[in-house]
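Worksheet: the structure to be examined is printed underneath.
Should a chain be cited, it is by its letter among A, B, C, D and E, assigned in written order, with residues numbered from 1 in that chain.
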Amino acid sequence: MIVDNAVYVDGLRTEPPSLEETCETVRDRGGFAWIGLYRPTEDELGAVAKEFGLPPLAVEDALSGHQRAKVEKYGSMLFVVLRPAEYVDETEKVEFGEVHLFLGDDFVITVRHFDSPDLARVRRRLEGDPALLRHGPVAALYGVLDEIVDEYAPVVAGLEDDIDEIEDQLFSGDRGVSRRIFELSTEVMHFQRAVDPLRDVMGSLRQGLLARQEDEDLRDAFRDVEDHVIRVTERADGFRQILQNALTVHTALVGQQQNDEVKKISGWAAILFTPTLVGTVYGMNFRIMPELHWAFGYPYALLLMLAMGVGLYVIFKRKHWI
Amino acid sequence: MIVDNAVYVDGLRTEPPSLEETCETVRDRGGFAWIGLYRPTEDELGAVAKEFGLPPLAVEDALSGHQRAKVEKYGSMLFVVLRPAEYVDETEKVEFGEVHLFLGDDFVITVRHFDSPDLARVRRRLEGDPALLRHGPVAALYGVLDEIVDEYAPVVAGLEDDIDEIEDQLFSGDRGVSRRIFELSTEVMHFQRAVDPLRDVMGSLRQGLLARQEDEDLRDAFRDVEDHVIRVTERADGFRQILQNALTVHTALVGQQQNDEVKKISGWAAILFTPTLVGTVYGMNFRIMPELHWAFGYPYALLLMLAMGVGLYVIFKRKHWI
Amino acid sequence: MIVDNAVYVDGLRTEPPSLEETCETVRDRGGFAWIGLYRPTEDELGAVAKEFGLPPLAVEDALSGHQRAKVEKYGSMLFVVLRPAEYVDETEKVEFGEVHLFLGDDFVITVRHFDSPDLARVRRRLEGDPALLRHGPVAALYGVLDEIVDEYAPVVAGLEDDIDEIEDQLFSGDRGVSRRIFELSTEVMHFQRAVDPLRDVMGSLRQGLLARQEDEDLRDAFRDVEDHVIRVTERADGFRQILQNALTVHTALVGQQQNDEVKKISGWAAILFTPTLVGTVYGMNFRIMPELHWAFGYPYALLLMLAMGVGLYVIFKRKHWI
Amino acid sequence: MIVDNAVYVDGLRTEPPSLEETCETVRDRGGFAWIGLYRPTEDELGAVAKEFGLPPLAVEDALSGHQRAKVEKYGSMLFVVLRPAEYVDETEKVEFGEVHLFLGDDFVITVRHFDSPDLARVRRRLEGDPALLRHGPVAALYGVLDEIVDEYAPVVAGLEDDIDEIEDQLFSGDRGVSRRIFELSTEVMHFQRAVDPLRDVMGSLRQGLLARQEDEDLRDAFRDVEDHVIRVTERADGFRQILQNALTVHTALVGQQQNDEVKKISGWAAILFTPTLVGTVYGMNFRIMPELHWAFGYPYALLLMLAMGVGLYVIFKRKHWI
Amino acid sequence: MIVDNAVYVDGLRTEPPSLEETCETVRDRGGFAWIGLYRPTEDELGAVAKEFGLPPLAVEDALSGHQRAKVEKYGSMLFVVLRPAEYVDETEKVEFGEVHLFLGDDFVITVRHFDSPDLARVRRRLEGDPALLRHGPVAALYGVLDEIVDEYAPVVAGLEDDIDEIEDQLFSGDRGVSRRIFELSTEVMHFQRAVDPLRDVMGSLRQGLLARQEDEDLRDAFRDVEDHVIRVTERADGFRQILQNALTVHTALVGQQQNDEVKKISGWAAILFTPTLVGTVYGMNFRIMPELHWAFGYPYALLLMLAMGVGLYVIFKRKHWI
């Protein structure tokens, strides 16, 4: 579906009635066109591709999806793949989207397959800054990049929350922690796979597209995004390390816990068993056993049993065995 | 065995009757020859090598096999080794083949030692695209590369299925999971060894063969294949990491399971043992033990035993020990 | 808050009454201005930014904080982010601050969000060395860098103390050691994340700012700071390795401890149980059992029990089981 | 000991009677000398060194041994150290030799300290290929390199056999497997240390010696050797990874085995203990216990004991506990 | 303390009476001065620094110590820090010293803070080789480097001995082995930290100082030292790997040992417990129990007990449980 189709001349928006007239408008009045597509069918994307002469291999990539973040040069056109991410709190999963951009000299086409990121908002924000839009398609690229990278922040925060919870779980002996560490590690790995290639993307934009750009402000803006990307990747790598350590610590703690339980169990076993010793003694059949003839022999034996049990209980309690 | 022998002039197929006439045809009418060999004997390959002046060291490699993916320049000829892979679901193994290509200015010779990949299909596909075939031997190289790299997708999918199953097994306490992780790790490692060198192959083709190529479409097509290769290697590396984590988690889980079983066993031991305590008490020989003279002393004792056993059972059940 | 505002002409301090006159003074008399800000409000930093034409993106970074150590070039201006650290002994945590510097041709603006480092002291020290101050804003940068890097030394010392304590705890069987290793590893990781980027910062200062500097002494001074930074990062990496090893050793020790306890417990179980064997024997109901009729049969049995218990105790003690 | 001393003119062998005449022959008739030394004494090597003007530091290295594989340029001379390896099946050890080559413009001196590799065979093979020998000393270098690298193949095969055996041992619960993994890891590490530097050696030969070589065949031949070296190093690295994984899996398996044994032992304990419960019941002294007066009370009790034991045995057997 | 002060003209030693005259001698007669300092006070080093115009930052480093191995260029002067090491067998520790060298065009100043290395011996050795000394200060640098690097050999040997002992300990079940591995790992890490930067030092000497050197012998001599350094670092890295593996193996062995002990203990428990079963049977109070009335019933029961104990003992012994 074509969700938006506008031409920006000197940073100001005009809306041509159809795709064909979009190109004419640009040819006649200068500026650049920005077509926004949402889950386009093969035909829709094909029509746009034909109109703007998009490279077939890139169009195929945009249709099939499952690309990694990358930037590819086709003649004077650029094809950029970005991977927005969203943290879903209920499932503790990170969900990944995919955004494709085709950048020509006088057009930009954005293809979105998932709800997020909200590219309409990006467009509105840029439309409020004509000075920026005047830079042409590269301004749209900046807007989308900035939005997507900003959206990584809540993902990082969500992962960090989970890791904080895991640290607490770890030392409280929670049994489910190994599963949680394992699953979160996998999430972090997927997040790293989405974000890490973006460093290369930013780097090659810097050396390619932006090196030709005369405006320094725009270069600074892209550098700011790159700086964000680096921070996100470093945080993600830190998460990976903490989770790795947590796993090793967890193994040690399971062993420690086992030591505690073996102690506790054998303590109780001793408490239970010692009275038996008394019973066995007075169950012997020696002819001469004075206690057996005492009037209070039986209560005495019972008390002795109890005393031994309680005595051991106190000793073990003091030693923190039980 | 020579399975196919054709000359492509201007992208169109002609079939010379013999190997000797193949060369003549190329010399007379231009275009390039494409000889397809399947498990050639030393003599068969020798005949082809003599006809086309193939480099002896490369021929030796093609005969002995067990090469890694590589590209080697011999004068104006290229020798390319590729390693197709196939996932065998029953054994959960990845099987590797080997394809060798000799690329000259006006010929390409493909040597195949295994059933897959289906090079006849590659040839048919290319024959259906004369514009592509017009680029000469490099088009054949592209076709074979594209086929082999596409065939990695089901391998990746198969490995991913296994890993998903392993994740489930891991937390269900399946005993065989350590062996499965170990064996799958080895498969993933072999797969990485087959695929990782392909990144270098694609890189050196890009810088060598393709840098001379004027046609941009062909360069884009190779870049598309390279992009696939990168994605496959990244996935494989992700598998390696997940399996590594799974192994560590498994160790922790084995410890946890042990804790559970020690608890369960000692719980049952206590349930069995406590009645003995009663029996030992009433087995004592004190002269004065009122219960012994009760009419229902014996049933009382039995009930007491039962009550203690059941009581412990309930307590342990509530504590989730047994 | 603007905590200091001075102009240094030929290395000597003069204090203009207001921000506006600061710029005038510099314009009239040469030298450079050094404005010191402490937790500035948006308005305060905005006023300074307007006066000196600071780049908006850098100003935004300085306001929002949470930056990594970096140096960024904006035209002829430099924006430098540094991350001072402080070791808090009670909590065994490392706390991180953030200092931002804007370096222009004739001004330097330092923004501080935390109590440490004491930039007033840095300023006083530099004011005592007019020869150094004569180099202009770069001298202020040197002073701040030197102070911050020197302040890493007590952090390294504090971490090292903790690690020494952990080594002792490790082999004394202290149960809390796994938690401490885990938490200290996280601290070390955070410290590495603060310090490691500083190597790049120093490197790019060396290649950028300092390559233009003619004065060799200043270059040597920066190299000295860089050398300190390298040593700090190497120490931190060493800590990481030791803690990693300590964790692995700890896992092995927990297992060893378990072996010891199982031995100890089963030793005591044997000591307790063996007397029961005697009791069970003399509790048998055979008609002819001579011992039962002995005058001292009962004391003999008790002694036998005791002897067996003591005998086992001695044996186990010698074997270091209990 | 000087084991061979020949001059090759135009690829054909002549044998000068003494060392001194060797040099004369070369000077008069061209070609190059090839001196083969086996465990030379200091004097023997000294005499050769003096005759050919070998660099003293290289001579010292050749005498003392324990070098790593390397290539060093001394003026127009090359000093090459190679490390042949041999797999000893009985001890499962890899044994390493050392071969030194001095390459001048018109001579090559090979020094061998161990029985393998058989340099006489290398020489005979080269003598059978005068075209190759005509390239001069570099042909001898190629011959030795080729032999040594070919000799790595049985080492790799031997290590692989051991690893296959270890995989089997691992899952059959063999106790000695941890020692074997440890020792084989050490062997693999030593092998890597011998082979890995050879990649650099081949690389610097390619960029140094061979860049000057006009003959393409020789360059291809060296590339072929380099390709072998790369494959060997990749295999060795794969071994390292598999052994690493095997060690981790082994730790998990030891834990699993422990779980099994604890279950088995406690199962048998329950089988032994339950009859005691019956005995304890009928050992109570209640006045009224009907069973005690039954004619077949005793056999009934014995049967009850047996039934309980057998019952538990069957239950545990079904649960695969014992 | 100034321990030696000499001027070498044309490789021959002359001894000026005082520091001041040293400089004069060099000015008048050429050659270079070599001042040897041992634990200099601030004043002593200050006097030398003033006389030779040493850079203040380097002098500060030399006074405070705790530097890493490095080489720094100050104008035409070089400041070199080296870290000699010594293995102390009793404590199994490696002790590290520090040597500082100031190299000018016509002087070298060596500062030593520890007993080793014996720089007097270095000086004597060089004085015996005037041809070498004629190269000036760089000859002294070579001498000191060579000595320090040679002194690493016994350290490597000492560490290797310890590792061999640890391998033996590991499989003999020695309990102290985990501590020893941990401590030796730390030693190896410190050794690596001392030696690894030396590779960079040698590299930058090669590219800086030595690139200007015309004499090839001297370059070869430095390369020889660099080669030693590389071998030492590789050995140290090998140690690190072996110790890492030993730690993992140790964890597996502790688990295996536990399995053995649990078996042993439960074996003995069964041997002790089975006789109780007999006693319990004959302690039952059934009216009709024929054995109780046998004349030899009691000895029969005792024999039965013994037989069962011995029987189990034999069975367990055969199964290698006890």
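The definition used in the following text is that a residue touches a chain if its C-beta (ideal position, glycine included) is under 8 Å from a C-beta of that chain, and two chains touch if they have at least 3 such contacts.
The chain list, named the UniProt way, goes like this: A, B, C, D, E = Magnesium transport protein CorA.
None of the values given here were measured: they were computed from a predicted structure.
Each step here moves to a touching chain, and the least such steps from subunit D to subunit E number 1. Any chain that touches subunit C and also touches subunit E would be listed here, but there is none.
Where subunit A touches subunit C, under half of the residue numbers in use are shared by the two copies, so each contributes mostly different positions. If you average the Cα atoms of subunit A and of subunit E, the two centres end up 43 Å apart.
Our note on geometry: subunit A versus subunit C, Cα centroid distance of 26 Å, whole angstroms. Of all residues in subunit E, those that touch two or more other chains are 248, 251, 255, 258, 262, 269, 273, 276, 280, 283-285, 289. If the chains shown are joined wherever they touch, the resulting network closes on itself as one ring, and no chain has more or fewer than two partners. Here the chains link up into one ring; start at subunit C, go to subunit E, and the full order comes out as C, E, D, B, A.
Those residues of subunit E lying in contact with subunit D across their complex are 167, 170-171, 216, 220-221, 223-224, 227, 230-231, 234, 238, 241-242, 245-246, 248-249, 251-253, 255-256, 258-259, 262-263, 266, 269-270, 273-274, 276-277, 280-281, 283-290. Within the complex formed with subunit C, the residues of subunit E that make contact are 55, 57, 61, 67-68, 70, 72, 74-75, 175, 178-179, 181-182, 185-186, 189-190, 193, 247-248, 250-251, 254-255, 257-258, 261-262, 265, 268-269, 272-273, 275-276, 279-280, 282-285, 289, 291-295, 297-298, 301-302, 305.
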